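Two complexes, one shared chain (subunit A), two partners (subunit B, subunit C).
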Partner chain A sequence: MPRDIVIDPVTRIEGHAKITLRLGDDGNVTDAMFHVTQFRGFEKLCEGRPLTEMPSLMARTCGICPVSHLIASAKACDALLAVAIPETAANLRRIMNLAQMVQSHALSFFHLSSPDLLMGFDADPARRNLFGLAQENPQLARDGIRLRQIGQSIIEILGGKKIHPAWAVPGGVNKPLEAQNRDKMLAMLPEGLEIAQRTLRWYKRVAAGFGAEARTFANFPTLFMGLITETGGLEHYDGLLRLVDAKGEIVVDQFPPEKYQELIAEAVEPYSFMKFPYFQKLGYPRGIYRVGPLARLNLVDHCGTPMADQEWAELREIQRGAVLGSFHYHHARLIEIIFGLEMMQRLLGDPTILDTRVRARARPNRDEGVGVAEAPRGTLIHHYRIDDDGRMVWANLIIATGHNNLAMNRGILQAAQHFVDGKKISEGALNRVEAVIRCYDPCLSCATHALGKMPLKIELVAADGEVIHAVQRD
Partner chain B sequence: MPSNATESPVLIIGYGNALRGDDGAGPEAARRLKASLPRRWASVLTAHQLLPEMAEPLSRAQWAIFIDADCRLQPGRIRRRRVRIVQPTVADAAHQQGPEGILRLARDLYGRCPRALLYGVGAASFAYEQALSPPVRAALPRVVRDVMRVVRRASAGLAWRLPGARRGKRECRHA
Partner chain C sequence: MSAPTTVVSLKIDGKDVSGRADETILDVASENKIHIPTLCFLEGLSGWGACRLCLVEIKGSHKLLSACVTKVAEGMEVTTDSPRLLKYRRMVVQLLFAERNHVCSVCVSNGHCELQNLAQVLGITHIDIPYRYPTLPFDASHDLFRLDHNRCVLCTRCVRVCDEIEGAHTLDVMGRGIDCRVIIDLNEPWGSSQTCTTCGKCVRVCPTGALTRKGTGVAEMEKDDQFLPYLTRMRGSQS
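Here is the complex of A and B:
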C-alpha cells in the first residue's frame, strides 16, 4: 500500500526542489511528485503598497525574468488607470520583453541544457556543465554568452540596467528612445541572428540522437495555451488567448486575457508550494495544459517573421497536430530566439519608435486590473485590486512555470517509468528525470537555473514505505 | 555586459546582494571606486553574483580585481589574495561561480585571462537590510585605498607586487 511521504522544505530560498518516485508492489514506479519547497509570498507583501510601486516591486520576484514581471505588472497598472498607452511605449515594452526572451532562452539552452545534448545524459556530471561545455565546444559556449550579452545589453540600453530595470511604469515607459541607442541595438541583432541560426543547425544534427528522450520526456496529449495576434501570429506582449488540443485543434480562441478566471482555476497540493492551474472545463487534474515556447509554436498559425516562419513550419512537421514531446521545447526555444531578434529588428526599424510621447498619465480609474504577457516560460498573469487611494488590497499572480506544473509532474512519472528500473537509480536515469523538468526551464526563483545540475533529491520508496534508494544533489 | 566594459587595463568587479546587509560590501566598494578612478585606468562593474558573461570582458583585461564579502573573516577584516584557476568541483558548477571559475571560463573560451586579486571583506551580518555594519563601513575606505594603489601601479605599468609573490609571476597562462 503506497503511503504519502512527508516533505519538510530543505530551504525556502534558492529554489530547492525534490522529486519523489513511488513504487508499487511489483517494484515499478507508480507515481511521481515534483515538490517545490520554497515560498515567496509576493501577493501578500505587496498589500498596502501604492500601485505606482508595483512594476518595480514585482520585478523583484525574479532575477532571471524580472522584465516579464515588470511588463505584466505595468500592464495590470495600465488597466487600473484605464488608459491605452501610446503605441511607441507599447512597442518599446515589446522590445524589452523580446530581449529578455532572447537572453533567458539562451541561458536555458546554452548554459543549462546543451551540456546534456553535447555530452549525453550519461556523461560524468563533473563534465556535464558549463565548464565541460567550454572545453568540449567553446564556440557553442561563446555563442551562448554572446546571445545573453545581446539580450541583456538591449535591456540595459532601454532600462538603465540589466536586472530589475525600473523603466516600464503605469501608463507606459519613463524614457523615450534616442536614435543613437536605437542604432546600438540594431547593430547587435545581425550577429545574434547568425548565432541563433548556427545553433539551430547544430541542434537539429544532435537531436536526432535522442530518440528515446524525445519519445519519453513528457510526451503525452495536453492542451496548449498562449497569446496570439489578431491574425493568429506569435505574440509575447499583448494579444488574445488561444488554447489548442493535442490534435492542434482550437479549443478557445481570441479570448480576452483579463477574463482568465473564466478559463483557468487553481488547485493546490500538500506536497508543493507551487500552484496547479488547470483548464476549468475539464476539471482537476484532467484540465492539464502547457505553456511556453513549444505551446506557443503549437497554437499559432504562423510566427510573423520570415526566418522564424520557415523554422516553425519545419518544427510542426515533427508530428501531425500539436508537437507533444516536451524534449522539443529546446527546438522551440531556438526558433523563438530567431523570432525575437527578427521582430526587434522590425520594431527598431520603424521611425515611430523614436516618438517622444511614451507615457499616458492618469489617476486610478478602476478597482481591478489584469496584466498578461508571455514570459520566456509561458503566459504570465498579474491580477490586482486597489482601494480608493490606489493602494494594493489584493493580488494574484499566475507564473508561467505554474501553468506547467501538472505537465511537469506527469512528465517525470513518464520518464521515471521508462528509465528507472525499480531497484536502483543510475546517475543517467537521475539526470533524465531532472532533464524532463529542465525542458520546461522552470523558474522557481532562480535556483532551477542551476549550471549543470539543480539541487535535487530523488527517493525510491517501496510499497511498504521503505526508502530503497536515495540520491541527493546539493 | 556592455562591450566596452574593459577599455581599461584593470577590471574591477564588486559583487554581492546590497539588500542583504554586509553582502553589499563588494558593490559599495565598487561604486566608490567608480566615482574615484579615471576610466582610462579601470572599468568597474557591480553585480549580484559572478556570471559567465563576465568571462568575455575579463579576457580583455590585463588585471582583474574582485571584491566580495567574506563570512569566514572577522567582521571588518580585509584579506587580499591572488586568484588562481582551479579545476571546478561539481558544486562549483552547480549553481554559481567564484572568481576562479570565471577566470577559467575566460581562459577556456577566449584564450586568455587576467592576473587577478580577490579582496574579501569580513562580514558581520547578512540580514535583510541595506545598511552595512559598522565594522564593514569602517573597512571599506581601506579597501578602496588599497585597490586604488594597486590600480595606479597597474596603470603605470609597474609590476603588481604582493607580499609573498614573486615579481611578474602570472596567475594563469596567457594565450
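Here is the complex of A and C:
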C-alpha cells in the first residue's frame, strides 16, 4: 500500500516548507515533493503603485537577501526609464550586491549548514545548531558571525541600513560614496579574506568525510544557468546569460537576460506555491536546470580575481565537465565569498568610485522593463510593465530559488531513496533529506533564522490516512 | 484708526499667560513655548480644526476643544496635556493609520512624515484598530506631481493653500464621512486640470506622502513648508 512520509516544517532554511516522501508497497521511496507552503503575492500587490517605489517594495520580499531584490528591481526600473546609469553608480550597486552575497553565503554556510558538517548528520539535533557549533568550535562560530557582520556593515555604510536600505533607485543610487566610508569598508576586507580562506581550508578537510552525501545529495546531470561577463568571467550584477550542460558544454551563450522568456518558461504544480521554471527547448520537466554558486562556477571560464581563480580551478578538478553533486554548493559558496571580498577590494581601490555623479534622471520611457542580477542563490529576474503614468500594471518575478525547484525535488528523491528506509525513520535520515534542500540555501521568504530548534514532525501515513509511524522533534 | 486690541489673561497648564482676544489657544500656547501636537494646522493658513490632534481641556467645559480654532478668553484655564488627552490623541492617530493604507516602509515620505512623527512622539508602537485596507486610486497623471489617496489624512492643507495663497482653488473635498476624498477640479485627473497652475504649494505643505513630486523614491520626499508664513506676509503687505 503506498504511504507518505511528511517532513513539516523543513528546518534551518529561510522560509517555510515541508517535504512529502511517497513510499511504495515495498517500503521504498518512489516519489518526493518539496512543498513551499507560504504565499506572498508581491506580483499582485505592487499593481497600481509608482515604479519609483518598486526597488524598496520588492526588496520586502526578503529580509535575508533584500539587496538582491533591490538591485534587480532598480535595474528593471532603469530599463523602464531607458537610461544608462553612471558607471560609478553601477559599481556601487555591484559592491552592495557582493557584500550581500558575502553575508548571505556566510549565513548559509556557518549558521545553517556547518553544524551538520562539524557534528555529522546523525548528531543529536539539540546540539546540531549554531549554539552547538559555538561550543564545539568557537573559532568557526566567531568567524561566521564576523564574516556576516562585514557584509552587513558594508551594506549599512553604503545604504544607511543593514536591512532594506532605500538606496538603489531607478537611475542609479541616491547617495555618492564618501572617502572616509570607502576607507572603512576597505579596512574590513583583509580580515574577511583571512576568515574565508581559513574556513575553506577547514571545509576541504571535513568534506572528505562526507563521501556518501557528496555522491547522493542531488548528484545528477542537469543544465546550469547564470550570468557571465563578456569574457566568460564570474558576474553577479550585470552581464549575459550562459547555460551549460552536465558535461560543461555551452548550450546557450552571451544571451541577453532581458529576453529570458525565450529561454525559460514556468510550470505550476498543485502541491507548491513555488513555480517550476524550466529550459523551454527541452520541455517540462526535462528542462531541469540549476542556478546559484555551484552553477555559476560550473559555467564560467574563470572567476576574475587571483585567489578565487585558484580555488575555482581546484573545485573544477572534482569532476570532469560540470560538478554535479549539490553537496558541492557549500564549497562553491566559500569560493564566491573569496571572490566577493577580492572584487570589492578592486572596485573600492579605483578612485572613480568616489565620483559624485551617481544618478541618471528620466521619466518612464518604456512600458516594459526587465532587471536581472545574480542573487546569492542564483539568477534573479524582475520583469515589470507600467502604464503611461508610470504605475505598475504587471510584474513577474523569477526568484533564484525557483529555478532550483525541479532540482530540489529530484534531489530529495535521490537522497531519500538512498537514506530513508520506509519501515523505520531515523533522525539522521530525516536530517539528510533536509540537508539536500539546505545545499541550495533556498530562500523561501524573509522570516526564518538559524536556531535549528523549530518543531519538526515526520509521519508515515498509509493511503487511508492512518499514521503508521511518527517522529517528533520539539 | 484701528480698533484697540483687547488683551486677555488666562492660564495654560497652570502658567499665567496673556494674548490678544483674536488669537487662538494654539497661538498663545506657542508664543509661550507650550507645545500642543497638531496635524491639519499650518502657520500661514486658516485654522480648520479637522484632525482633532490639538484637543485641549478647558475648565468648566465638558467638551474637548481644538486649540487651533478656539479663541482665548479672559480667565480661561486650559490644560494641554493629561492622560485623557493623550488617550484621545493616540486614538486619533491610530484611526488615521487604520483608515487608509499608510505603509511607512515603502512610502516616499518615510522619515519625513508628520503622521509618522506624531505616532513616534505619542508612543504608538502598533495599531489596535483593525485596518480597513480600502482600495484607493493613485493619480499620477500630472506632469510633475502625484496624488496618492492611500496616504491622505484629509487635513485639507492642500485645499487651503491652493485657495488662500495661490488663489486657484483647484483642490477641494468631495463625499462625506469615510468616503471623503480630496479632488482636483470636478473630480478629474490632475493631468487634465485647467485650473492647476503647477505651483507645487500643495505638495510642499502636505504632511504625509499623499502629494509628492514625480520621480522621488522611497524616503526621498522631504517637504518644505517654511516658505508659507513668509509668503503669507509678503502677499499681505502687497494688498
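One rule holds in what follows: the second predicted complex is superposed on the first by the 433 of 474 C-alpha atoms of A that agree within 3 Å, B and C clash if a C-alpha of one lies under 4 Å from a C-alpha of the other, contacts with A are read in each partner's own complex, and residues count from 1 in each chain.
Note that in this section a residue touches a chain if its C-beta (ideal position, glycine included) is under 8 Å from a C-beta of that chain, and two chains touch if they have at least 3 such contacts.
These numbers were taken from a predicted model, which means no experiment stands behind them.
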item: Partner chain in contact with A:P138 - subunit B first, subunit C second, else both or neither; value: first
item: Touched partner set for A:R198, first subunit B, second subunit C, both or neither; value: neither
item: Partner chain in contact with A:R286 - subunit B first, subunit C second, else both or neither; value: neither
item: First (subunit B), second (subunit C), both or neither touched by A:K259; value: neither
item: Partner chain(s) touched by A:P125 [first = subunit B, second = subunit C, both, neither]; value: first
item: Touch count on subunit A, higher of subunit B and subunit C; value: B
item: Which superposed partner A:E156 touches (first subunit B, second subunit C, both, neither); value: first
item: Parts of subunit B lying in touch with subunit A, wherever the complex brings them together; value: 1-3, 48, 52-53, 55-56, 88-97, 101, 104-105, 108-110
item: Touching residues on subunit A, where the partner in the complex is subunit B; value: 14, 63, 111, 125-126, 129-132, 134-135, 138, 141-142, 144-146, 148-149, 152-153, 156, 162-163, 447, 450-455, 473-474
item: Of subunit C, residues touching subunit A in the complex; value: 105-106, 108, 110, 137-138, 140-141, 146, 191, 214-220
item: Touching residues on subunit A, where the partner in the complex is subunit C; value: 48-50, 52-53, 55-57, 60, 164, 166, 169-170, 174, 361, 363, 389-391
